[in-house]
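Multiple structures follow.
Presented sequentially are two complexes of chain A, the first with chain B as partner and the second with chain C.
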Partner chain A sequence: MKRRAHTFLVGLWTWLAAAGVAGAEQRFPPPDFESGYQLPVTQTPAPRAEWLQYFDVLVLLIALGLACHLILRKRSRAGVVGLSLFSLLYFGFYREGCICAIGSVQNVALALFDRSYALPVTVLVFCLVPIVFSLVVGRAFCAAVCPHGALQDLVLLKPVKVPAWLEHALGVLPYLYLGAGVMFAATGSAFLICRYDPFVPLFRLSGSVLMLTTGAAFVVLGMFVGRPYCRFVCPYGALLRLGALVARWRVRVTPDFCTQCQLCEHSCPFGAMREPTAPAANPAAQSADRRRLGWLLLLLPVLIAAGAWLGGKLSVPLSRLDPNVALAEKFLDPRKAAPLPGVQTPQSLALGRAEDNPKELLAAAAAARQKFAAASWLFGGWVGLVIGVKLIGLSLRVARTDFEPDRGACFGCARCFSFCPNERVRLGLQPAPANLPAPAAVAATAASVPPAKPA
Partner chain B sequence: MPAAARTTSPASAASTAVLHRALVNVVVMASLFCVIVGSAFLIRYWRAKAEDPLKSPQAIALKDRLRNEPRNEQLKQQIRELDLALRRQYFRHLAFSHTGGWLLVGGLAVLILSGRQAARLRAQPPLPALKTDAEKRAARTAALARWAVAGVALATGAGFLALSLSAKSTLPDRPQDLAKSLAKLSGEGGPDLADLPKPAEFRANWPRFLGPDGNACVTNFTLPTEINLTNGTGVAWKTAVPLLGFGSPIVWSNQVFLSGATMTNRAVFCFDAATGALVWQRPVTNVPGSPAQPLEIPDSTGYAAPTMATDGRRVFAWFGNGDLAAFTLAGAPVWAKSLGVPKNMYGHATSLACWQGRLIVQFDQGEPEEGKSRLYALDSASGRVLWQKSRPVGASWATPIVADAAGKPQIITLGGKWVIAYAAKDGTELWRFQGLNGEVTPSPIFAAGLVFVISPSDQLFAIRPDGFGDVTKTHQAWASDENVPDITSPVSDGELVFTAASSGLATCFDTKDGKKLWEQDLESEINASPVLAAGRLIVITKKGTLIVAAAAREFKLIAKAELRENVLASPALVANHLFVRTTKSLICLGAKAGTLEVKR
Partner chain C sequence: MAAGLSQEEPVNRRQFLRGGLRVAAMTGVGALVGALAGRSATDGTVWQIDPARCLRCGQCATECVLEQSAVKCVHTHAICGYCELCTGYFVPDPNALNTGAENQLCPTAAIRRKYVEDPYYEYTIDENLCIGCGKCVEGCNRFGNGSLYLQIRHDRCLNCNECSIARVCPGDAIHRVPARHPYLLKTTVSH
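Let's look at the complex of A and B:
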């Protein structure tokens, strides 16, 4: 039996290695230049052998597992920083931001709506695994595996507290961005999230001036505002936030009981700590809250309908991001410049190709426009839904007895642990007061707590 | 826990202060370093834009100069050297950027590390005040947040509305309206005709192969009584043509246009019709879609066999490699494109035609079953395709004509075994006639209400152009199989049809019934199509003998003259001047300089 298993494993390894080599070979090998001229790499990052792509998946899985261990078991900020540094170097500067879980959402969306698109298994794994982890242990991916988050976390110098009301308002933006990214990907028009990713140009040390400047601006902003991209832009973070809301295990500041010292609230640079609140004692106030909640529940379908109606108006401008639509519009523009002899631009070459077969181009553009007629309507509805749900969420009263991190907002950076007096006792950094239980007992209860209940 | 909270003793505080000062200094230096590197980055970036090998003003200026001096080898070398220098500079810039990027990353890392350490040393341990009104604050925050979310919703809605205002698009919303767009694009309204010359102006010039309507016949023309190349009698001027080409000259106003090409060079030439001086020449290079590798084309056809055409505002040249270029009469490039490399074993030779702002391009190639042949109508001002029709023929060499026949403008084309007529406006096929054989080279003509077509070395057909569908059995007026040419086109004054076979045999037919009236062996090989000038039949043999005979029911030789150079192109007749392209020169026969006056 053992021999069979061994033979199977050796065979599997040989097959994977062979497949990797085959995948790495170029279909049309370049000519040999006698002058010693080296063909420049025209793809960024350069094509990668298949087994190395699986290696990336392996690194992701190990990093995620390690992140969970460091956050939930070891409760080690130093470990999280070390892993963040590794992720920044590996997934960021070495892999140049690709493969990337953030952008992989678009690949999955495209594969769902376009059967001709072959979704690479590695991309699917990169998309799903962090989401699955978030459902179980919260945002472990954001904590120390995502290079974007790691970069922002490591450059944080002097955090400024963003007012909670503003945090809530800006918190809806990632969901709108997610909707837009999925819409453009599903229509096969553009990978918006990748195109406007501010950090990938930094990892590659090249890119358009606009995106490099935007990336630099986010880095500078990140020195004073904790993880601005993760909190107010990142569409994948929005998904993980939803997953983390139902996570079985999650970060808990204190290993035992909360002393209500507020130090953890002070320590969190992301405004993720929630203070204890008692259920409303005044029935009159509750009645007003319920009335508001009722109105907002009624408003939700109105918002969705209004959003859908407004979104429907956007099908024409949004469809311009589709290359076929953009080219067809230029092609049909009576004022377009005639092609001239001389050095050709990609635009003039594209127009030249359009001239060869205008019917095909216009048919493709019309098909894309049709897709957008439905997609923009859905996108508008999504915007209405996000706003409505957020307003409803803000009208729910949540009762807490202890200081605890917001399940969705907590990145699991492990900063708060060392601020908690009980944790310091557990680590032996300060003596336990007489009325505190023994450190061993504290450690045993540090894993999980039941979720807070809405009032 | 902040480090400051752990430091208690005075000695320790002093050392912390020193360390803090050092760290602050490091922060300042790292910041300065980042600013300097970042600035260098930006400066280098803006400078690199000017050094872009494709956008360098110096390189563009030199390349523009090369258009006017295509044979200037020194200039070419200068461009090569500049290009190499620019590319080196560009790659240096890339290397600089890469190094600079890493320096910036390093500087930033030092800045962050030292900044964090410095901040930790001076951080005050938090001492949060006791808060008792958590519920109130939570309610207030929630209320504020709801308003803020509403604000975001309003801003998003306003953004959506603003974006929807830019919803105007040239692309129709409904797929069923695409046909209308395409029809509009294909010129249902038609190109702008206001700017185009009047028909009389076309008739007074020689705007295409074999004259204004493709039937090389002019009624008001006086030939010089004596032509002698040796002493210049009857010769207005003679000038060398810089590049070889078998295309015939075209004339507009006081300008004569020719194209010429070799395997690697293609150019258009404009000569002063009065003096023969070269007014301008323009190379045709970097045409979008042009084949990267030079083509092999037989010498007998060459790379510039198609005759140019003009719509009176622009001139158009088509080359053996498929490059199609438009210039203004003053030589400014208007547009250029490639319709694809012609698949033609003898080389491409079909000439262009113009009609009401449309450039008619008959692009027959390959074998019939390949379905590669097309008839295009391009907007002559922009080069965009107004319409195109697939043709059931293989490669052919005949030039289409646009004739007002049976009350409608028809494009009459030959190719394969078919004569096919299309509506000039939208390319709708009107009728087709089956009867051609072999490699169709002679072009059709329209005269006396009939279309005359030649099946090479086979038959001369007269077809009534008022039918629809396949008119093979119904619209043939007559046919003759006597002395049928294989290369040259017929010519007719409406009463008689003349042909000149490459063997040298000239023949006259009656247009009414096709009866042969006379034949005459001119005893010399003929490649150029004959022309008619006010009752005179003019034939130029391949060896350059110009023969003038009476265009009458009986053959009568009137004059002969030697041009002393080989002639393969057909002559152009404008304002009592006859323009002949030899294999080396362009010759203008007629009165001397200053007397050429084109009627408008």
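Let's look at the complex of A and C:
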């Protein structure tokens, strides 16, 4: 290598001074400039200001409050669309999908299991506040605050009805995805939910080809299937669905009584409307139903045990998603190819690091393996539990006299309200029919759902 | 309406169950906050490259989710030797020590070479051109003082939850650092 051009005619005192400043020997001592040259300072552009992150939290809280007001009090689809647009622009295109409640579940899981990971307070708030809201008012977050939901809701053109069997089968996926996301985050291996998020690359207008294509595919699918990601993939939606099942207040379509006109059922693009159940089932069928329920309840522990056993078997392949385990396996592989001299690929560099300090890597990999041994077992049990509970849920009878939205499946998009003839009467859009029931009965129904009712 | 009223008994039982589950869920959320409150930090974290662990593999240029990587080369001038033949600037065996494109190591000509005084030359990085490939870093670290190194620039970085470069980094050089100290600048020589 030519070093002809460099001058070594620098005084010894300069060399010593430089060594003193730098604390180590330099191949080429820093020059002693005679022309009064000033050393440029290395620029360090600051990250996004901290207060802006708290501002995001404030926007989230205001948007959630507004969503509740628009869905339950104002019952206004136009308002929900407006708020969705704002959320899409702010949390989607301005914040570029980060910070997002969907991914924050993983940070919380990592913080629970890894004591060295300091969870930012803003992330904790983003994860928990929509859940708390779901326990009170249902999925207000999905309705108009989540940019993923807003994007899919706004591109919906002509919804097709998803057959019930498919809806139920695919409805299990979000829980499995949630379990997998939490498992990989808790073991500190990967943030799957963020890695395979289809919409964030669209918000950023950049990303890997695979994820951009997936995002585009979801948008195209979303034109004909209402909110495909929310219904069949979103792990955070799965959590909010559970919250909404036990929510204090819920969306009711009709402001007073149901005329059973089915207009609301046709208006719902997400298949969330449930029809009234037949009033009296014949006793023979009922006892058959009970027997099936009993069998399913007995099957539940069997499913959990089978899942846990299977999960335990999958521990080793699952752990390969951990980068340390993957590298350690390559390092220990006796058949690994000898590195080509002079050619440095990322793989050969990684193996070189492993050879330099095998102890550290093998210890990290062994620790990850151990975590996966427990986590995959739990994950398998979770899969069994989800399938078992789904089967039990399918064989439970719910008594309904009116058309009403399913507590868990309803996103609160507010589409159905304006389709209800009684809502149109309430809004003064059409005259009240002559055979209106007695005002006392109307008041009694109204009292059961206070926030949805105008005074 | 009569049918609706006669259904009140089972609805109440369900409501009771729902209420119980709701309280349990709220308690769970409260417990989670209690468990994590002590361990959470008011200031967040950002991703940064530890220059001592960086192996200059070149993946920073291609693996970032941004079309133009958030990783750029930075220069600590205090360590720089201001060499006329800069091994971070020139290809091995350059035809001539000038700014001719065929002599430059940088694929985008992002390093500016400026004459200071005989025989010293100043090298600065144009971040709009730098793609973070680390070719200059390899040259400077292998044969020079190591004053050129890669850093994640926080005016560009989106601070993804999972850094896509960290995932594939062969040196395991990218980790979360406190947002209050977002850079790991070199102050001492290392090769």
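What we mean here is this: the second predicted complex is superposed on the first by the 372 of 455 C-alpha atoms of A that agree within 3 Å, B and C clash if a C-alpha of one lies under 4 Å from a C-alpha of the other, contacts with A are read in each partner's own complex, and residues count from 1 in each chain.
The rule we apply is simple: a contact is a pair of C-beta atoms (placed from the backbone, for glycine too) under 8 Å apart; a residue touches a chain by one contact, two chains touch by 3 or more.
All figures in this text were calculated on a predicted structure; none of them were measured in a lab.
Peer 1: State whether A:G294 touches chain B only (first), chain C only (second), both chains, or neither.
Peer 2: neither
Peer 1: For A:S206, using the defined touch cut-off, is the partner it touches chain B, chain C, both, or neither? Pick first, second, both or neither.
Peer 2: both
Peer 1: What is the contact status of A:A118 with respect to chain B (first) and chain C (second): first, second, both, or neither?
Peer 2: Touch status of A:A118: second partner only.
Peer 1: Name the contact category of A:D333: first (chain B only), second (chain C only), both, or neither.
Peer 2: A:D333 sits against chain B, while chain C stays out of touch.
Peer 1: For A:P433, is the partner it touches chain B (first), chain C (second), both, or none of the two (neither)?
Peer 2: neither
Peer 1: Quick one: classify A:S395 as touching chain B (first), chain C (second), both or neither.
Peer 2: first
Peer 1: Same chain A residues contacting chain B and chain C, which ones?
Peer 2: 206, 344, 349, 352-353
Peer 1: Quick check on the complex: what are the chain C residues that touch chain A?
Peer 2: Residue positions touching the partner: 1, 3-5, 7, 10-11, 18-19, 21-22, 25-26, 29, 32-33, 35-36, 39-46, 55, 57-59, 65-67, 74-85, 87, 92-93, 97, 116-117, 119-120, 122, 124, 143-145, 153-155, 157-162, 164, 167-168, 170-172, 176, 179, 182-183, 185, 187-191.
Peer 1: Could you please specify the touching residues of chain A with respect to chain B in the complex?
Peer 2: 93, 154-155, 157-158, 163-170, 172-173, 176, 205-206, 209, 216, 219, 223, 261-263, 265-267, 275-278, 280, 285, 303, 306, 310-311, 313-318, 320, 325, 328-329, 332-334, 336, 338-344, 348-349, 352-353, 355-356, 358-359, 362-363, 365-367, 369-370, 373, 380, 383, 387, 390-391, 394-395, 397, 418-419, 424, 429
Peer 1: Residues of chain B touching chain A in their complex?
Peer 2: 1, 38, 45, 54, 63, 97-98, 101-102, 105, 108, 112, 115-116, 119, 126, 128, 131, 134-135, 138-139, 141-142, 144-153, 156-157, 160-161, 163-164, 166-175, 178, 181-182, 185, 284-289, 325-326, 333-338, 340, 381-385
Peer 1: Which bits of chain A are touching chain C when the two form their complex?
Peer 2: Counting only chain A, the residues touching chain C are 1-7, 21-31, 33-35, 37, 39-48, 50, 53, 96, 98, 103, 106-108, 111-112, 115, 117-124, 128, 131-132, 135, 190-191, 194-195, 201, 204, 206-208, 242-243, 245-248, 257, 279, 323, 344-347, 349-350, 352-353, 399, 401-402, 437, 441, 444-445.
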